[in-house]
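Next come two complexes built around subunit A: one with subunit B, the other with subunit C.
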Partner chain A sequence: MSYFDVVYFLAFLPIVIIVYSLLPKKIKPLILLIASLVFFFLYSRWLIVFIIISALSIFLAAKKITKIENEKKEAIKDLDVLTKSKVKATYIKKKKLILIITVLFNVAFLFYFKYLGFFTGVLNSLIKIFNVSNGFKIIKHLAPIGISFYTLSAISYIVDIYHGKYECENNFLKLLLYLTFFPTLVEGPITRYNEVKDTLYEGNKVTYKSFCFGYQRILYGIFKKMVIADRLNIFVKIIFNDYNNFSGPIVFLGAIFYTILLYMEFSGTMDIVIGSAEIFGIKIPENFREPFFSKNISEFWSRWHISLGLWFKDYIFYPVSLSRGVKKITSKVKEIFGMRVSSLLMGAIALFAVWSLNGLWHGAGYQYLFFGYYHFFLILMGNIFEPLIAKVCHLLKINRQNWFYKLIQIIKTCLLVFIGELFFRANNLTSGLQMMKQIITNFTFKGFNKTVITLGLDIKDFIIIGISLIFILIISILKEKKIEIRENLSKKHLVIRWLCYYALILSIIVFGAYGEGYVPVEPIYADF
Partner chain B sequence: MEKLINILEELNPDVDYANCEDLVDGRYLDSLTILSLISEIEDNFGVVIPTVEIIPANFNSAKKIWDLILRLQEEE
Partner chain C sequence: MKNVLKSIIFVLILYLLVTLISYCLLPHDSVRKYGIIKTSIYEILGEKENTIDSVIIGDSLIYSGISPMEIWHNYGITVFDLAKSAELIEDSYKNFNIAIKSQHPKIIFFESNVLYREAKNKPWFYVWQELYKTYFPITQYHNNWKKYLFTNLNDSMYYSKINVYKGFKYITKTKPGLKLDYMKERNKINIPKENQEYFQKIFDLCKDNNVKLILISTPNMKSWNYGKYLGTKELAQKYNLEYIDLNVDNPLNIDWKTESRDGGSHLNYKGALKLSNYIGTYLQETNLFTDKRNDSAYESWNEAYNIYLEYLK
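Moving on to the complex of A and B:
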């Protein structure tokens, strides 16, 4: 059952809403937990054991870390400064050991289910080169649903507890709900415990407003997926499987369409996720903020899959760049080359770690690693050349706040994103490279118009996609200008409001790409 | 505080640090500048800034950064 299944939004969700509404406030979070476990079980059956083990591991580790922290506070109470720091260090060592074991324990599950096959393959390739033995058998396991997402949430919880960011959760069932909460389970966002705990355990009532707002958001998500993403899927599939038969512009159009498809599918899922939670009065942080208005790649990643970017920033970028080893290297560089070069180096080392892991997080394959390093390179170049660009603009009296300059930056960023997504979607790294070669070496518009309409989409499809994209662009511009569309709509007359709802429902029914000839997009991020 | 303002001005001279309240949210300090700033603070004020403290709330103004330094010095 995916979030786009009729079974989800017309059966599963309404049943949970009804049961949740009928029961007293205190029991409401328990209903959400039961619903989440049922949801998980429907997807992954007995693999549910692994998420429970993960939750149990961080629950017990957090309790132990808190206990040590309290003992430390007690032990250093009346000590002098020198003894205090010695005693402190002993307790910190104990805490750190528990933290490391817990993180490794959870990462081990992720590695076993997601990366064992890939790394066995890498090992076999090395063995083949050195001709040592026949290699190992590649075993692929069916992973528990959402393991890439809930493992990162689990790590964020235990690291934050270690740093004393907030108090540990004393109720195991509550912590289990945090990890398994059914709307965020399959495709995130990767929530932080302190961001969601207040509304998650509150047992808020389902009100008319929360119900309408929630379902509005769900409908918007379905619209994005069914009208745009599913329609583009036909075209994208043909191009990525048969790229050799098409000219450069058609292949590049395939990359553009795939990027749009990915955005509509993933941000559409996020609309359903956030909308589903909103019905129960639970606030889930946004995972997208109009990414195609970004003026550089760095900004793009602060607007696209926000929760993943923030996770990497907090738990990889800063810890790596401020680690003792990196500081040691960069302090020497600072003495010789100055602060700017040393911070560039510090950032580069951390960025390399971030993008290696980001690539691998998206999938166990060379094309994903390439995708990561591609972004690492672009961001690094941006960091290096930014002062130079600023100087040149200053000398040439170019106003960087000018709308035209911004527009050029936005177009440049979009083009770079399309190339990145081409590699992301390519069947493998070789295909990705060949597609790029095709784009560059076979760049001719001869027969472009004729070919485009033979790739599964006719003129009518293109018109529907065009109008839908304009509709979403307008909404995005309004959101960028911080205009609360839904709040404004809720103040309109009942007739206008329901006309809008019906228009959205009807547009999905009439223009949705389903039935014969259409293949719906599989939940892309669910596989990560 | 004056020492801190000097460091900040060296990193990005085009900001009015006495009044600016959105150094991070307004993108006056990006990740790299924050790294330089942390390194300078650690060298000049004898504190270690834990990664958990690197949040916009602690870096959005010179006053907030100064409060963080004082708090960390007290905790040392």
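Moving on to the complex of A and C:
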């Protein structure tokens, strides 16, 4: 059952809403937990055991860390400064040990289910080179649904407890609900415990407003997926599977369409996720903020899959850049080359770690690693050349706040993103490189118009895609201007409101790319 | 209370609008003649009257195994798969009864696996599918907007081209079948009594409408066996019917390593090409049908074939 399945939004969700509404406030979170476990079970059956083990491990570790912290406070109460720091260090060591064991324990599950096959393959390639044995059998496992998402949430919780950012949760069932909450389970966002705990455990009432707003958001997500993403899927599949037979512009169009498809699918899923939670009065942070209005790659990643970017920033970038080893290196570099080079180097080392892991997080494959390093390179270049560009603009009296300059920046960023996504979608790294070669060496518009309409989509499909994208663009501009669309619409006359809702529902039913001849896009991020 | 009332009115108006659009998008003549629900449930009613040479009834085994578009392209004969997933024989009878109202096929193929499926084993999704098609007929033909949005809605003669597969399910996935000795000799398995009664009804219906009834057993190593083969053979002898058995000695030479999509239960597209070709040759050799590929009355089949090729990409 995916979030786009009729069974989800017309059966599962309504049943949960009804049961949740009928029961007293205190029991409401329990209903959400039961619904989440049922949802998990429907997807991954008995692999549910692993998420429970993960939850249990961070629950017990957090309790232990809190206990050590309290003991530490008690022990250093009346000590002098010198002894205090010595005693403190002993307790911190204990805490750190528990933290490391817990993080490794959870990462081990992730590694076992997701990366064992990939790394065995890498090992076998090395063995082949040195000709020492026949290599190991590559074992592939069916992973528990959402393991990449809930593992990161679990790590964020235990690390935050270690740093004393908030109190640990004393109720195991509540912590289990945080990790398994059914709307965020499959594709995130990677929520932080302190962001969601207040509304998640509150047992808020389902009101007429929360119900309507929630379903409006769900419908908007379905529209993005079924009218645009599923339709583009036909074209994208043909191009990526058979790129040798097409000219450069067609292959590049395939990359553009894939980027749009990915955005519509993933942000559409987030609309369903946030809308579903909103019905229960639960606030889930946004995962997208109009990424295609970004003026550079760094900004793009602060608007695209926000929760993942923030996770890497807090739990990889800062710890790496502030680590003892990196500090040592950068202080030496500072003495020789000065402050700017040293801070650039510090950023580069941390960024390298972030993008290596970001690439691997997206999938066990060389193309994903390449995808990560591609963005690492672009961001690093941006950091290096930014002062130079600012100087040149100043000298040439170019106003960087000018709308035209901004537009050029946006177009440049989009083009770079399209190339990155081409590698991301390519069947493997070799295919990605060959597609790029095809784009560069076979760049001819001869027969372009004729070919485009023979790739599974006809002119009528393109008209629908065009109109839908204009609709999404208008909504995005309004959101960028911080205009609350649903709030504004709710103040309009009933006839206008209903007309909008009917138009949205009917356009999904009539123009949705489902049924004969269409293969819906698989939930892309559910596999990560 | 006010909000509950408002919600009810909202849903009612929505349903009204969906029904209205369904009327616009379903094949016009078929809706006029058979009504919106029937046209939605029975896709064959979207076909122009008396244009189908042969129909197939059965379950997923046969709709995965025979592609009418391949038969059309190679032999110019029009075939329609009426088969439904996990079909029960009572529904086979119902489906054929409906089809015979708009078509006069000369040959009907009956997939024997249905003979052994008992009514009590009706899968849960069966009822759901029926309800879905009954109350949301638009979902079957919603893509017809492509035709209607750009032409005159008063066009009287338009037969849906959207049903490109004509009942076939196109699946390319491969999962090898391993139970190669599935047809080893064993005792006959009797066909349930209730199913025999329905078979009698189908037989009578064919006789009344002058349709040749042929029993067929699609290659299937998971739910078919020698005992069922003997039971079907006995039934064919009892009614003096032709029986095409495609399991004993593997006459189609199915390569179970590459031509099944799910470990030997259903054929995949590669396997379906073999079976479709076999059925095409069989129909051609009866000399009952003319080649209609150049007949302008069947132009929609040629158009459908072109779309079919796009789907296969």
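Simple rule for what comes next: the second predicted complex is superposed on the first by the 528 of 528 C-alpha atoms of A that agree within 3 Å, B and C clash if a C-alpha of one lies under 4 Å from a C-alpha of the other, contacts with A are read in each partner's own complex, and residues count from 1 in each chain.
What we mean here is this: contacts are C-beta pairs under 8 Å (C-beta built on N, C-alpha and C of every residue); 3 or more make two chains touch, one makes a residue touch a chain.
Since the structure is predicted, the reported quantities are computational estimates derived from the model, not experimental observations.
Enquirer: With both complexes superposed on chain A, which partner does A:Lys88 reach: first (subunit B), second (subunit C), both or neither?
Expert: In the superposition, A:Lys88 touches no partner, neither subunit B nor subunit C.
Enquirer: May I ask you to decide whether A:Pro319 touches subunit B, subunit C, both, or neither, giving the answer as first, second, both or neither?
Expert: A:Pro319 contacts subunit B only, not subunit C.
Enquirer: Based on the superposed arrangement, let me know which partner A:Trp498 touches: subunit B (first), subunit C (second), both, or neither?
Expert: So A:Trp498 only meets subunit C here.
Enquirer: In the superposed arrangement, which partner chain does A:Asp458 touch: subunit B (first), subunit C (second), both, or neither?
Expert: Only subunit C is touched by A:Asp458; subunit B is not.
Enquirer: So in the superposed three-chain picture, is A:Arg303 touching just subunit B, just subunit C, both, or none of them (first/second/both/neither)?
Expert: neither
Enquirer: Have a look at where A:Asn383 lands relative to subunit B and subunit C in the superposition and call it first, second, both or neither.
Expert: So A:Asn383 only meets subunit B here.
Enquirer: Looking at A:Ser342 after the superposition, I want to know if it touches subunit B, subunit C, both of them or none. Which is it: first, second, both, neither?
Expert: Touch partner of A:Ser342: subunit B, not subunit C.
Enquirer: By the touch definition at the top of the document, which applies to A:Ile509: first (subunit B), second (subunit C), both, or neither?
Expert: So A:Ile509 only meets subunit C here.
Enquirer: Which bits of subunit A are touching subunit B when the two form their complex?
Expert: Touching subunit B from subunit A are residues 160, 163-165, 298, 313-314, 317-319, 321-322, 327, 330-331, 334, 339-340, 342-344, 346-347, 383.
Enquirer: With touch defined as at the start, can you tell me which subunit A residues reach subunit C in the complex?
Expert: 208, 238, 242, 454-456, 458, 460, 498, 501-502, 505-506, 509-512, 514-517
Enquirer: Could you please specify the touching residues of subunit B with respect to subunit A in the complex?
Expert: 10-11, 30-33, 35-36, 38-40, 49-52, 54
Enquirer: Contact residues on subunit C for subunit A in the complex?
Expert: Per the stated touch rule, the residues are 3, 10, 13-14, 17-18, 21, 25, 136, 138-140, 142-143, 145-146, 149-150, 162-165, 307, 310-311, 313.
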